[in-house]
Structure formats: structure tokens, C-alpha cells
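You will see two complexes here that share chain A, one where it goes with chain B and one where it goes with chain C.
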Partner chain A sequence: MDFIFVFEQVLNGLGYGLMLFLIAAGLTLVFGIMDTMNLAHGSLYMAGAYIAARVHESSGSFAGAVLLAVLLTVVVAVVLEALIIRHLYRRDHLVQVLATFGIILIADDAVKAIWGVAPLLASTPAALAGPIEVFPGLPYPAYRLLLIAAGLLVALGLYALVHGTRIGMLVRAGASNRQMAEFMGVRVGAVFAFVFALGAALAALAGAMMAPISAVQIGMGEAILIPALVVIVIGGIGSIRGAFVAALLVGLVDTAGRAFLPPALRAVLPPALAAELGPALAGIAMYVLMAAVLALKPAGLFPARA
Partner chain B sequence: MLQMKKVALALVLGSALAAHAEDIKVGIALDISGPFSALGAEARDGFDLAIDKLGGKLGGQPAEFLKTDFGGSPEQANQLVARYLQREKITFFTGPIGSNAALAVGPALFAAKVPYLSSNPGPSAYAGEKCSPWFFAQYQNDTYDEAAGKVANEKGYRNVVLIAPNYPAGKDHLNGFKRLYSGAVKDEIYTRLGQTDYAAEIAQIRSAQPDAVFFFLPGGMGINFVKQFVGGGLKDIPLIAPGFSADEDVIQAVGEPMLGVLNTAHWTHDLDIPANVEFVAAFRNKYDGRYPSVYAAMAYDSLMAMDAAVRDVAGKVEDREALLQALRKPSFKSVRGDFKYGVNNFPVQNYYLREVGKDAQGRLTNKLIGTTLEQHQDAYVGACKR
Partner chain C sequence: MTPSFVSRPSFAARHAGVLRRLPWLVLAVLALFPLLAPLFGVEYYVGFMRRVMIVAIAAASLNFILGYGGMAALGHAGFIGVGAYTVVALVEAGVASAWLAWGCALVGGGVFAALIGAVSLRTRGVYFIMITLAFAQMLYYLAVSLRTYGGDDGYGLYTPLTLGAGFDTAHPQLFYWVVLALAALVFAVFSRVAHARYGHALRGIRDNETRMVALGYPVYRLKLAGFVAAGAVAGLAGGLLASHNAFVSPGLMHWTQSALLLVMVMLGGAGRRWGAALGVALWLTLEEALKMYTDYWHWPLGLLLLLIVFHAQQGLAGLFGSRAQADVGGQGADVAGEVDGAAQERAGSAEA
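Moving on to the complex of A and B:
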């Protein structure tokens, strides 16, 4: 277990965590501010991935593909908000779950109708396909470095937006006490629509960036939704800072579980048992983390409504 | 969870002008959608080519070929087989790609005395203790890995890292590799089934510094793994795989990073046997110059085996015992060359080493390197008592 190995795993965990953050940020804002459970958030992630993969394949421009994916997904989200989500704000959570689950089913079938059932193969932009020597002895995929850089930039931008602008102040006001914000004259409808579109843009960006290193397929949105929900629960619902810290924690714990647990178990247990137990334990590492955090801080690490 | 739609495309080819006692119907369950969709499409193309070549007949008798998608789900496969047996009264069955579907539909078919000529999976259960006279395999799943283990020995690799998804078939394949491999296993990595990001595993491989990596990661998992393996700067470590993880579908999807991947199979498209040369030429002619994969070749072979058996019993398929005898002694020219069945109806045959290279037009494809195992039999035949 040398330094290079550990450093590479930290980079891996960081990259995964930052992408989780992009998805969880939108989810936590929508849930925290609008008190609306939007299961269809994963479908926006899927839309971003599909559009980016298709546009990149046909145009050859990766930057253009990511941009178009974000723009088109935001358009879809605005329509979705006006047609369906807007009518759910004042209903109870069960109705919201039912309605947004229905959107997932429709979205999956729509993708099937437009792009077919076979998974798309998104390619890494040619300039970034190879490795970069981070320091001697550790070549690291250039694309993953881009992922980390983009994730950090967006996190900084989001922090500046939420904590440094007027609209950010309204968003925070809505998150900490919606009713009071309404009494103070905040036009919550407009704030909600803005937050929903922002969340969609972040999810689409994550989908577009993740497409080349994951599989662009139907159901990818549901698969990423589960770790994203774990992140917002750990971070405290409605809190961007919480989502950021929790996403990095989950990313690092998940990667560490996969990387360090099996060899560690092999050292103390018989090989057959270690081979059984290692992957199983690695798979539940992030849920153990969630349980531990909830036991100590039931409202999450950074609750928005303190 | 969301796979609720069943798209049934029953395509009827040839008319059932029945002059004989039993109409010959072939039930073909296809993986057009679902986890094995790319492989299912390959198999479909192989079946279609065979049906064309046979003129919609079997052994000179009019026959009906029923093709239905079951989406790779064992439950749906069961429902489909029940329909095939009760409503259509099929004579033969073939088609599923996954071992799980093959294991699910077997009992009903065997009870109804319908021969199941598997066009792909050869699960160990059917080769050993659960063997049935009604099941005919193309190969036993682990035999590919046994051949790969021998390749590792011959190449002089003494430290190998193994990687497979954490599910029963993944463990079977790694055990198959270890059966003939005589060097040390540096590390044995099990990943999540359906995993797409292999960064953590690739770091483990980098730190283990093995002579070679053996991977069994079918479909999209293998595509992502090889891309990320090369992207992570490990392209100097040789990759060995059973043919499933390095067939034409994977090669075309991954592209250049596949160059040099060693893989083993019981058939390859440049095998110089007249029946194979004819098949490959016809396939490339029908499907835009694409090379066939093992899945297409074995789908084609399955229908050819049925054709020969029906001819051998002069169309009297209702005499099931005679039909079984005819199937057990195949009189057709297989695209893989000569083979014979063991007592468990699993073939005793050659296994070949292939390497991903380029053809004369610069297209990436598998190239035959040599024969790894001659007339090799599976490891489970001893457990088949009947």
C-alpha cells in the first residue's frame, strides 16, 4: 500500500464525489426550499448524458455537446416545472413521489423511443483520452482531471451564487424558513422556478461529464439517484455546503471501500471468505456512513433549518 | 424494475402446409432488449442468415420459425416458453443468451421432451449433475477460461490479476481460469455487476504490477473497463480474456485500445474450414461487411444442427427418441469444424487463441493465432449420471 496507490484512490474518490455533488446540489435545493420530493431528478441527469453523447458523436465538439446538453435539459426542466411540478408544491410527499415516479417511467420510455434500448457509447474527447503524468510513477487519465477541475469550479461558482448574490439570499431565505420568506414578500414562485432550472442544469452537466466514463443507458438516472439521496441526507436537506461535504465523504468512502477493504480482509480472513465478504462490505460502506451520521446528527451534518 | 414492456415480435416464415404428422416449429427466444441486447442482436442475425440459407425449411420439410424478444429476463423467458409449449407446440427450442434464462426455461422444455439446442450458454449445472438428454450445448462456460489459463502458462505469465463481476457466473469464470493456470494469482478482484467506473480497480492493478490481467466482464462492463485501463496508462500490461469479453461487439465499441488483447474461443471467423468460409462470406455479404461474432456463428450452427437432424429422421420428428439419436450424432458441417458430444451433450472440441489485430482493410477484428486446447472436454462431465 504505497503512497501512489493511496493518492490515486483519493483522486478517484474526489472525482466521483464532485460529480455526486452536482446531482445532489439540485436535489437538495429542490427538496429543501420547495419541500418537494423530485425523484425525476435522475431523469434530467440521463437526458444530459444522452444529449451530450449524441451531439458529441455527430459534431465532434465536446464543449459544444456539454453546453447544448445543459441548455436543452434546462428547457425540458422549465416545461416540466410549468406543466407538472408546479402543481405538486402544496401536495403531500406521497403524491409527489407518485407523480415524479411516473415522470421517470415516461422519461425512460421516451428515451427508448428516441434513442433505442441499446446503451450509447460516449467517447472521451480525443485530446483527453490518454493519461497525464501527475508525478513520476502515476499516469492519471486526463479526462478525470478535467472532471475534478470542472466539479471544483462549479462548486465555487455555486457557493458564490448562493452566498454572494441577491437571488442566492432569496434561495437561502426560502430554505431556512419558507413561510417567513413569503411573508417578507419574496416571490416564491419565481424563486422555485429558478431553483428547479438551476438544479436541472447541474444534473445535466453531471450527466454530460459522466457519459464518457460510465454507460449511457436507460435507468442510469435511477442508479445515480440513490447515492445522491444518501448525500443529501448526510449533508442535511437544503444545505449546499452540507451536500458538498457529504458528496466528497461518500465519494471517498465508496472508493476506499472498494480499494482498501478487500485487501485488508484478505490479510485477516481465509481467501474464500474474504472474496465473499469484501465486495459485499464495500457495497454497503456508504450506507454505513449514512447510518453513523444519522445516529450522531439526526438532521444531517449541516441542517439548513437549524 | 422498470422493465414492464413486452414487445413480442412473432415473425412467421414459411407456411405450414402440413403433409406429415407434426408441424415443425422452432421456438426462438431472443435478447433484443435487456442486458444482453447487443449479443441478442448478433444471435438474431445468425438465425436470420440460417433461415435464409435453409429457405425457411428444416430437413427439406416446411417449418415455422417463431422469434420473440424476452428482454433478457428469466421470468419472461419462462412465460414465453410456456406459450411456445402449450399454444405453439414447438419441436425445437433455442435462443437465450444468458445462463440465468437457460437455467430457468430448461425444466419445462425437458419435461415436454422438446430438444433445447442452446445457441450460447453452457451452464455448469447442465453439464454436471443436472444434465439432461434434451439439452445440447455449444461449449461449457468455463472451458473458454480454461483455455485462457493455458495461454497464460504458455506466455510465461507467473503473476496474474483476475477481475470479474461479483455474481455466480463471475466466480465460475475465474475458477475456470485457475483450473489450468499454474502461476500465482496476485489479486482476485470482484466488482459490482453492471459497474461502469473502474478507477478504483485500475489503481489496484497498477499497484499490484502483474505480468498480465485476466478479465471476464461481459457487454458494457468490459467496454468501459478496457477503455479506462488504457486511458489510465496501463496499456503495457497484457490483457487476456475469454472470447465473450473480446468479441466483435466489444472490439467495435472500444476501438483502438483493444489492439493486442488475447482471447480464447471455440470458433473464430478466420477459421479455414469450408463451412465456415461460406458462413462468414454470406454473413458479411448480408450485414454490410461486418464480421460475425461467436453468438451469430452458434445461432447459425444451431439451426443447421436442427436441419440435419430432421433430415436424418426423414421428417418424422414425432419420434422423439430417434430425433435425439440424430441430434447426438450431428451429420452437418459445423462452422467450428469437427466435434462430438460427451455423455452430457456438451461438445468435445478444439479451443483457439485469438488476438485483436487489423485486417487487410485496417478494420479491427480478432485474428486466429493457434489452437490452445485440442478436443477438450469440460470439467463437469463426470458429475453427469443418467
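Moving on to the complex of A and C:
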């Protein structure tokens, strides 16, 4: 286990964590401001991935594909918000689970009807297909570097938006105390519609960026949703900063678990047992992290509500 | 036309006699079904009904903690998986008795529920939903990595388990009747307990936990007891499901299975005596029927959920039963109905 390998895994974890952050950011704001549990957030991620993969394939332009994926998904999200999500704000969490689970079922069938059952193979843009030598002895896929750069850029932009602009202030006010914000004259409904669309855009961006390095298939939204939920619970529901820190933490823990746990176990345990335990512990790592954080800080690392 | 100031008696009040006898009628029909099915050439549906009843057992256990206890657990499929893998482990170890295997599945589900509940029940609201989900995910990944029991590919149970007296679970009618008897027993016991002192305490906790603490009830222990009972029954359902499918895979524990179970309970009506059974029967029947006609059978079910959310907030059972009849069994109809109705608004609410 040399330094190069460790560094490579850290980069992998960083990339995964940043993509998780893009998904979790929208989820945590929707959750934090309107107290609405949206299981269908993963479906928006799936929509972004499918649209980007198909448009990239037919047009050849990756940037255009990502842009179109984000735009179309936002349109879908705006309609979804107006028709359904808006009417769920004041209902209890279980009803929200019921309704948004219904949306997942409909979205999966819609994707199946439009693009078929077979997983899509999304290709990386040709210009970024090769590796780049980060430093001598460490070639790293250029596309994954783009992923990290894009993730960091969006995170910075989001931070500036939430902490440096008027609309961001309204969003934060809504997250920390919705009733008080409403009382002070903030039209929380409009803020929420904006936040929902923003969250959808980020999820679609993550989907479009992840498409070339993951399987584009039905069910991908449900698979990514759970780590995203873990992130927002660890970070503290409603907190962008919390989501950022937690996403990187989860990304690194998950990647490190998969890369380092099996060999480490092989060193101390009999091989047969290590072969069974290694993957199990690696898969479980992020949930253990969440349970530990909740045991120490029941409201997450950075609680948004005072 | 003269305006009437007298409210029309509810559906349940008008048909009280029929409704009281209905469960016995349903039980009789279900018991005779395996004998009648061959006459109509619908033997296939004997297996289907068996699955409906097994899932209904699991749903009933979730309904008990969700509807009466207000504990919105999104990891109930984890206990089903524990039960199923207990059976797998025992079969792998050479056990042939179905009763022993299912008994151990029950105990296994209970033990895991005790461990998970002890930690989870310290949290509230959304955090409870999330932490139960997290534990179920841990069990899922554990099962995926257990290569001895097939890992991701699952494990086939090729030899039927013995039921005693020379019979085994391959006997189509007998296994069906065993499941029916267990389902009836589970529903009877949960219904009985829900109306005993313990059940009232549990509902009290659902409606106002702080007050119950102030009254001196050991709230945490009462909730944990309910959680363990529900986990044990879900484990039993998992053991039965393993025998029914003759196959066990980690897919049993996927989080969408937990969500489905919640959905079915809410669909039928959380906190209603027959809510779980109604929800499971409707959901699985629709699924089966839609699959016959189209590959796109998910979206009508999704649409149904949205309709329920916006138009039938009490679930299916709420469409038929009056408030009083539904949950409190008619005692002090007015007051009880009022309390129950108010509670229903929050039934299973994460904040309850």
C-alpha cells in the first residue's frame, strides 16, 4: 500500500463525495426549509443521467448534453413541484414518503417507456478519455479530475449564492426558522419553488456528470438516494455547509473502506473470514459513521435550526 | 326538498352486523380456497394467496408499531431478511423441521429488533426513520457479503422442511393452511393486545409522549417491547417467505422493500385493525393483475398512491369503517371515535 495508491483513492473519494454533495444539497434544503421528505430526488438524478447520455451520444457535444440535461430536468421539477410537492409541505413525513414513492414508481416506468429497459452506455467525452499525469508516477483519468473540479466549482458557487446573495439569505432564513421568516414577510412558497428547482438542477448535473463513470439504468436514483440521505443526516438537515463536510466525509469513508479494509483484514484474519467480512464492513462503513454521529450529535454536525 | 340536520349514519353503522361477521366469513373462504381452487382451474392462485398472507403478517407487525405506536420504521424489511437468513442458516446446518426453523426466525427477528430498537428508539422524527433505514442497509450489505449463503446471488432452499406427521412444506394445501392459521393468530393477538392496557399505553405514547412520561409510564421500555414484538413477527414472516419462495436473496432487505411495506400499511390504513391486510391484498392483487396486461405496471400503482395521499387520507379502511368502529372496537363510541380520529391525523406521524 504505497503513497500513490493512497493518493489515488483519496482523489476517488473526493470525486464521489463532491457528486454526493450536489445531490444532497438540494435534498437538505428542501428538507430543511419545507420539512418535506422527497424520496423522488433520486429520480431527478436519474433523469439528468439519461438525458445527458442520450444527447451526448446523438450530438457528440458533452457540454451541450450536460446543459440540456440540467435545463430539461429543471422544467420537469418545476411541473412536479407545482402539481404535487407543493401540496405536501404541511403533511406529515409518512404521507410525503407515500407520495414521493409513488412518483418514483411513475418516473421509473416513464424512463422505461422512453429509453427502454437496457442500461445505457454513456461514453466519456473524447477529449478527456485519457489519463493525465498528476505528478510523476500517478496517471489519473482526466475525466475524474474534471468531476472534482466541477464539483468544487459548483460547491463554491452554491456557497456564494447561499451566503452572499439576497435570495440566499431568504433561503437560510427559511431553513433556520420557517414560521418566523414567513412572519417577517418572506414569501416562503416562492423561495421553496426556487430551491426545489435549484436542487433539481444540481441533482441533474450530478447525474449527467456521473453517467460516464457509472451505470445509467432504472433504479440508479433509488441507489444514490440512500447515501445522499445519510449525508444530510450526518451534516444536519438544512445545512449546506454540513452537507458539504458530510458528503466529503462519506465519500472518503466509503472509498477508503472499499480500498483499504479488505487488505487490512487479510493481514490480521484468516483469508476465508477476511474475504467475507471485508466487503461487508466496507458497505456498512458509512452507516456506522452515521450511527456514531447521531449518537454523539443527534441533530447532525451542523444543525441548521438553532 | 327539506334540509336534513341529522347526519346520515356511516357505512359501518348501517352495516354493523355484516361487518362484525365479515372477518369470520373471510377466514372461512380463505380456508376453503385451496379445496375449491382446482374446481375452477385457479390452483396458481393458492400460492399467490399464501404469499399475500405471509406479507400481511409482516405488514401487521409494522402496522402495530406504526399505527398504534407511532414509530415510523423504514427498515422493517431488515427483520424479514433476518428471519429468512435464519432459516437458510439452519437448513445449511442440517435442520429439517419447519417449526424449529420458523421458531428460530421469530426469535432471530426479535433479537435483532431488540438490538436495533435499543439504539434507534432514542431518536425522534425523521432521525428515527433514517436510523432504522441505516440499520436495515447494514443488514442488507451483510447479507450481500455472506458468500456461504450465496451472497448477491441468493440461496436456493431445494429440500422442503418437514411439518411433522410425514408432511412437508411442499404439500400445497397444508402449508397454505399453516400460513393461514399463523396469519389469523398474528392478527388476533395484535388486535387483542392493541385493546389491552398495553395497547392503550402505546397509543397514549403515540399521541402525547411527554404526557405519558409525566404520568409515570416507562415510555422507552414500552416502545422497545412493541418494537421487539414487531421485529419478531416480521422475522417469522421472513422465515415463512423463505419456505414459500424456496429462495432467499439480499433483495428481500432492499430499502424499497421496507418502503413498500410502509406504503401497503398506509394504503390499507395505519392503526386500523384490518388496515395491513387490506393494503397488502389490494397492492399485491393489483400488481399481479397489471403484470398480466403490461410491462408498465409500476405507474398505475404510483398514481394510486398519489390518489390515496390527496383523496383518502385515512387509507382504505377509513373509507369503510366509521372512526369509532375502526380502532377502538366500539367502546364509548363517541369519545373514542373522536380521540381515534384525531390520532389518525397523526397516525404514524414522525413527530408523534
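Convention: the second predicted complex is superposed on the first by the 306 of 306 C-alpha atoms of A that agree within 3 Å, B and C clash if a C-alpha of one lies under 4 Å from a C-alpha of the other, contacts with A are read in each partner's own complex, and residues count from 1 in each chain.
Assume a contact is a pair of C-beta atoms (placed from the backbone, for glycine too) under 8 Å apart; a residue touches a chain by one contact, two chains touch by 3 or more.
Computed from a prediction, not measured in an experiment: that's the story for all the values here.
Contacts of A:141 after superposition on the shared chain: chain B is touched, whereas chain C is not.
When the two structures are aligned on the shared chain, A:277 is found in touch with chain C, with no touch to chain B.
When both complexes are overlaid on chain A, the residue A:131 reaches chain B alone and has no touch with chain C. In the superposition on chain A, A:104 makes contact with both chain B and chain C.
Of the two partner chains, both chain B and chain C are touched by A:222.
Shared-chain residue A:298: touches chain C; no touch with chain B.
With both structures placed on the common chain, the touch criterion links A:12 to chain B but leaves chain C unconnected. Looking at the shared chain after the overlay, A:214 reaches chain B, while chain C stays out of its contact range.
Residues 104-105, 108-109, 222, 275, 278-280, 283 of chain A are contacted both by chain B in one complex and by chain C in the other. Per the touch definition, chain C reaches chain A in the complex via residues 66, 72, 74, 119, 122-123, 125-127, 129-131, 133-135, 137-138, 141-142, 144-148, 255-256, 259, 262-263, 266-267, 270, 295-299, 301-306, 308-310, 313, 346, 348-351. On the side of chain A, the complex with chain C involves touching residues 31, 37, 39, 84, 87-88, 91-95, 97-99, 101-106, 108-110, 112-113, 222, 226, 229-230, 233, 237, 275-280, 283-284, 287-288, 290-291, 294-295, 298.
Every residue of chain A that touches chain B in the complex is listed here, in rising order: 1-2, 4-5, 8-9, 12, 15-16, 104-105, 108-109, 117-119, 121, 124, 129-131, 139-141, 143-144, 213-215, 217-219, 222, 255, 258-259, 262-263, 271, 275, 278-280, 283.
For chain B in complex with chain A, the touching residues are 1-2, 5, 32-34, 37-38, 41, 166, 171, 187-192, 196-197, 199-201, 203-204, 206-207, 220, 223-224, 227-228, 231-233, 253.
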